[in-house]
Amino acid sequence: MTFPIEAIVFLFLLATALAVTHLRDLFAAAMVFGVFSLLSAGLFTLMDAVDVAFTEAAVGAGISTVLILSTLALTDPREHQQPVRFAPVAVVLLVGAALVYGTLDMPYYGDPTAPIHKHVAPEYIEGAMTDFGIPNIVTNVLASYRGYDTLGETTVVLTATVGVMLLLGGLGGARHRGDAEVVEAAGDEEPTPMDRVQVARVSTTVLAPLIMLFGLYVQFHGDFGPGGGFQAGVIFASALILHGIVFGLSSLKRVVSPRFLEIGLAAGVLIYAGTGVASLFRDGTFLDYAVLDHHSAQHGRHLGILLVEAGVGITVTCAMVLIFFFFAGRRAAKSEEPGDRDRRVA
Amino acid sequence: MSTFGLWHYWVVIVLMMIGLYTVIARDNLVKKVMGLNLFQVSVIMFYVSMGKVEGGTAPIIPEQASGPVVYSNPLPHVLMLTAIVVGIATTAMALSLVVRIRETYGTTEEDEIRKLDRAEHE
Amino acid sequence: MTLHLPAIAILLPLLSAPICVAVRHALVTRLLTVAVGWGSLAVSGELLRQALSGAPIHYELGGFAPPLGIEYVIDTTTGYVLVIVSTIAAVVFSFGATTRGAALPAGREHLYYGAMLLCLAGLLGMTITGDAFNVFVFLEISSLSSYALIGLGQDRRAPVAAFSYLIMGTIGGTFFLLGIGFLYQATGTLNMADMAERLASLHRSRTVHVAFGFLTVGLSLKLAVFPLHQWLPNAYARAPAVISAFLSATATKVMYYVLVRMIFTIFGATFVFGKMGMDMALVPLSLGAMFVGSLAAIFQTDLKRLLAYSSVAQIGYMTLGLSFNSVNGLTGGLAHLFNHALMKGGLFLAVACLVYRVGSSRLDDLAGLGKCMPITSAAFVTGGLALIGVPATVGFISKWYLVLAALETGQYLFAGLILLSSLLAVAYVLRVVEVLYFKAPKSPDVREAPVSLLLPTWILIGATVVFGLRTELTAGLARSAAMQLLGAGS
């Protein structure tokens, strides 16, 4: 019985969620939010969703937290005091009550006879080995049956990155102003260059290649265990972002130039969609990988899934590093204009 | 079979509502984004808990299975991988807007922004 | 390749967007965007033709039969909305000064065009799909790109408007996701047709009732149904004018379409109107939108904001048509999709012409421009007449069907209210006419906008008259779409 463990995780989740809402020190709230994400990853594991857990840990506790901290470094770390408002409380109570009412006719938690376990899903589970020969059913459904959704998901990543580049497009300007020393994503008000911290330098030098290696493993082992293009992309990106945090933006730019990342960002989506287009020319419908190999449908599917997962991995890596570049570059550009930082209201 | 009941869903709904409250009630824009994240992650929890099958295991087929294996439903997991990506995409976009707002207004508090706008147009 | 037209319709913008990012050349990406716009229109037109001439087109993505895989379904309504969206895309993308009014970082025009193409891909993708979860994915593609595009407005308040839109839009999207989750829990499927089949025996399930509620509220947020419209005026007023033209003419239309799909294809009219009594809620909200939106429009000092409030009112007409649950009502609502897209697209482009020369859309700054910019001003007046619903314009047709739908159910009060709200439109259009023609010009040496701006503006404005005279095209199409929807729902 997993009952008590889940209850304990839920208890911690409630506590951290309330803390995120309550804390007015936004740095602290961001850290607690990271804990919330990590706890939910734990909960997902308990609920057998290992792929979701992996992704949530990498994204929620990793990338999201880095982004929030980067933003706080560019804005204000403290929230103003504010009384409890009653209209939102009423709205929330109403919405919550409606949701609870809706659950009353739902099958109980874990009930194997629920409609969602009887329709569609069994065929995914049966087909995984016979039609695809891929043990990780989630990877399989993600890349094949619902491969079009995943193309959409990769496009969402592209869209967000294009948006961030447009909104925080000062990167070109920042380059000329020499942003080398001052970039540090999770900084205090006074930027402390991490490249003077010996421990951070040494451990990054050791860790980054290992993280990369792990990323490769996650990318190519996604068929057999938890993982896949998205998780691998986030892991790759985190190695590069770590490098950027410790050694500075200009050092990271020597490793990967923003221009190179932009091309990679586009290339990943093009590889994904291109794989789909290839099936059009082989008399299949869009994204039908079975036709990619005329001799064996299963081989064709393996090839297709390998290609689209590679596309996802490339786009996600480039997207995450680019987004980091633009947030961190913004800080570098800003700190060159001291007057700008003092332009407060009150 | 199972008499665990519905309490998992209810706790998740409470988490969702904490997130939703933070989004709609708070003035601080970064806090709003955090609330939005809480809300979205809780919705993901909701889907994932629908997918759980009692006595089931992660939907990865082992090399050698001794007897029939019960798997939890993979489809909600697939959908929620997409939802997590949508979540981080929204967060990135929201935060870059916050950075831009802070640069023009010098604050990230909604009420102060409103005050500044009103002052400009009167 | 005709077999793959549905996939090509989405792939055109979807593949061109990353190409824009990679190519990084302002002119090349600009031309690509225009070509994609017109290409989409050609593909959509052909799809509509095919849908009209026979059974709905089904296209199985990945070669997996639904409900295992995702499919495209194109019936008359789908084809009609695809044509609306791609018409607007083709014309607006061809507009001469697309990036005017956008605070673009230097050398990043290609990203701007990429974002516009992504928005188009999202809108078309949402329309064409037959899978409920897939709607969510493409909804987010179009939403995320529009947040960025709106946030780029030169007005310093543009990022704030984009942020509030993002918050409301994401709450709406997440509500939609929750609704789908509840439906999935009840039916075990994500395919719309399969859902509909399984829902037939689940009309008493409380899970389904709540799913319906969350889907409706989520979509209403994105559609800006009164009183959930607060994000819209700011977003459209502060975005670059061309983006306002594109979004006001497409985004809300597609959301309306998704709402229609949900009501008639997934749940069925009997459930929605009979059991849930949606008309009881929709009628007062629509009337509220018509009056509050028009009244607010009268008191605006900024032309873009005035048009945005007018959009709130016009959305009211569309949802009112929906609430009648009759062929005439739905014909009016659907016809108004196309008609309003033409008028608002044209009007916002006319504003873009004015802004191009004057640099502002504040009414004070536009005084007397009727003499300096006669062609632009004439376009605005013609579009304004269509907005009021004067005969021989498209606005008349949609209102005609709405009044007809009200009269045939004996709701004379509604018919009166529709006419009364049109009087409010007269008031706000006249206000602009007064500013343009009867006020002393601020700077008399303003020149007319260049042809590359005027031509696209007049294509849309001219169409409001052409289709106003040749009613069989839009009204006929809307009518057969409405009959197909109602036939499927019963």
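All chains are identified by letter, namely A, B and C, in their written order; residue positions are counted from 1 within each chain.
Assume contacts are C-beta pairs under 8 Å (C-beta built on N, C-alpha and C of every residue); 3 or more make two chains touch, one makes a residue touch a chain.
Predicted, not measured: the structure shown is a model, and the values here were computed from it.
**Q** Going by the average position of its CA atoms, which chain sits the greatest distance from chain B?
**A** C
**Q** Check A-B against A-C and say which one is joined by more contacting C-beta pairs.
**A** A-B
**Q** If you average the CA atoms of chain B and of chain C, how many Å lie between those two points?
**A** Centre separation, chain B to chain C: 28 Å.
**Q** Counting in whole Å, what is the centre-to-centre distance of chain A and chain B, each centre being its mean C-alpha position?
**A** It comes to 13 Å between the two C-alpha centres.
**Q** Give, as an integer number of Å, the spacing between the C-alpha centres of chain C and chain A.
**A** Result: the chain centres lie 31 Å from each other.
**Q** Which residues of chain B are in contact with two or more other chains?
**A** Residues 20, 24, 50, 75-76, 79, 82, 86, 89-90, 93, 97-98, 100, 105 of chain B touch two or more partner chains.
**Q** Two or more other chains touching the same residue: where does that happen in chain A?
**A** 99, 103-104, 106, 114, 116-117, 120-121, 124, 146, 149, 152-153, 156, 159-160, 163-164, 167
**Q** By the touch rule stated above, which residues of chain C touch at least two different other chains?
**A** 133, 137, 140, 144, 147-148, 151, 159, 178, 184-185, 190
**Q** Mind listing the chain C positions that touch chain B in their complex?
**A** My answer: residues 133, 136-137, 140, 144, 147-148, 151, 156-157, 159-160, 162-163, 166-167, 170-171, 173-174, 177-178, 181, 184-185, 190.
**Q** For the complex, which residues does chain A have touching chain B?
**A** Its residues touching chain B are 3, 6, 10, 13-14, 17-18, 20-21, 26, 29-30, 33, 36-37, 40, 43-44, 47-52, 55-56, 59-60, 63-64, 67-68, 70-72, 74-76, 79-80, 82, 84-85, 88-89, 91-93, 95-96, 99-100, 103-104, 106, 108-114, 116-117, 120-121, 124-125, 128-129, 135-138, 141-142, 146, 149-150, 152-153, 156-157, 159-161, 163-164, 167-168, 224-226, 230, 323, 326-327, 330, 334, 340, 343-346.
**Q** Over in the complex, which chain C residues touch chain A? Could you list them?
**A** Checking each residue of chain C against chain A gives 1, 4, 7, 11, 14-15, 17-19, 21-22, 24, 59-64, 67-70, 104-108, 111-112, 114-115, 118, 121-122, 125, 131, 133-134, 137-138, 140-141, 144-145, 147-148, 151-152, 159, 178, 182, 184-190, 198, 205-211, 213-214.
**Q** Quick check on the complex: what are the chain B residues that touch chain A?
**A** Contacts found on chain B: 1-11, 13-22, 24-28, 30-31, 33-35, 37-38, 41, 44-45, 48-63, 70-82, 84-93, 95-100, 102-103, 105-109, 112, 116.
**Q** Where on chain A does chain C make contact in their complex?
**A** Counting only chain A, the residues touching chain C are 98-99, 101-107, 114-121, 123-124, 144-149, 151-153, 155-156, 158-160, 162-167, 169-170, 172-173, 262-263, 265-267, 269-270, 273, 276-277, 279-280, 284-291.
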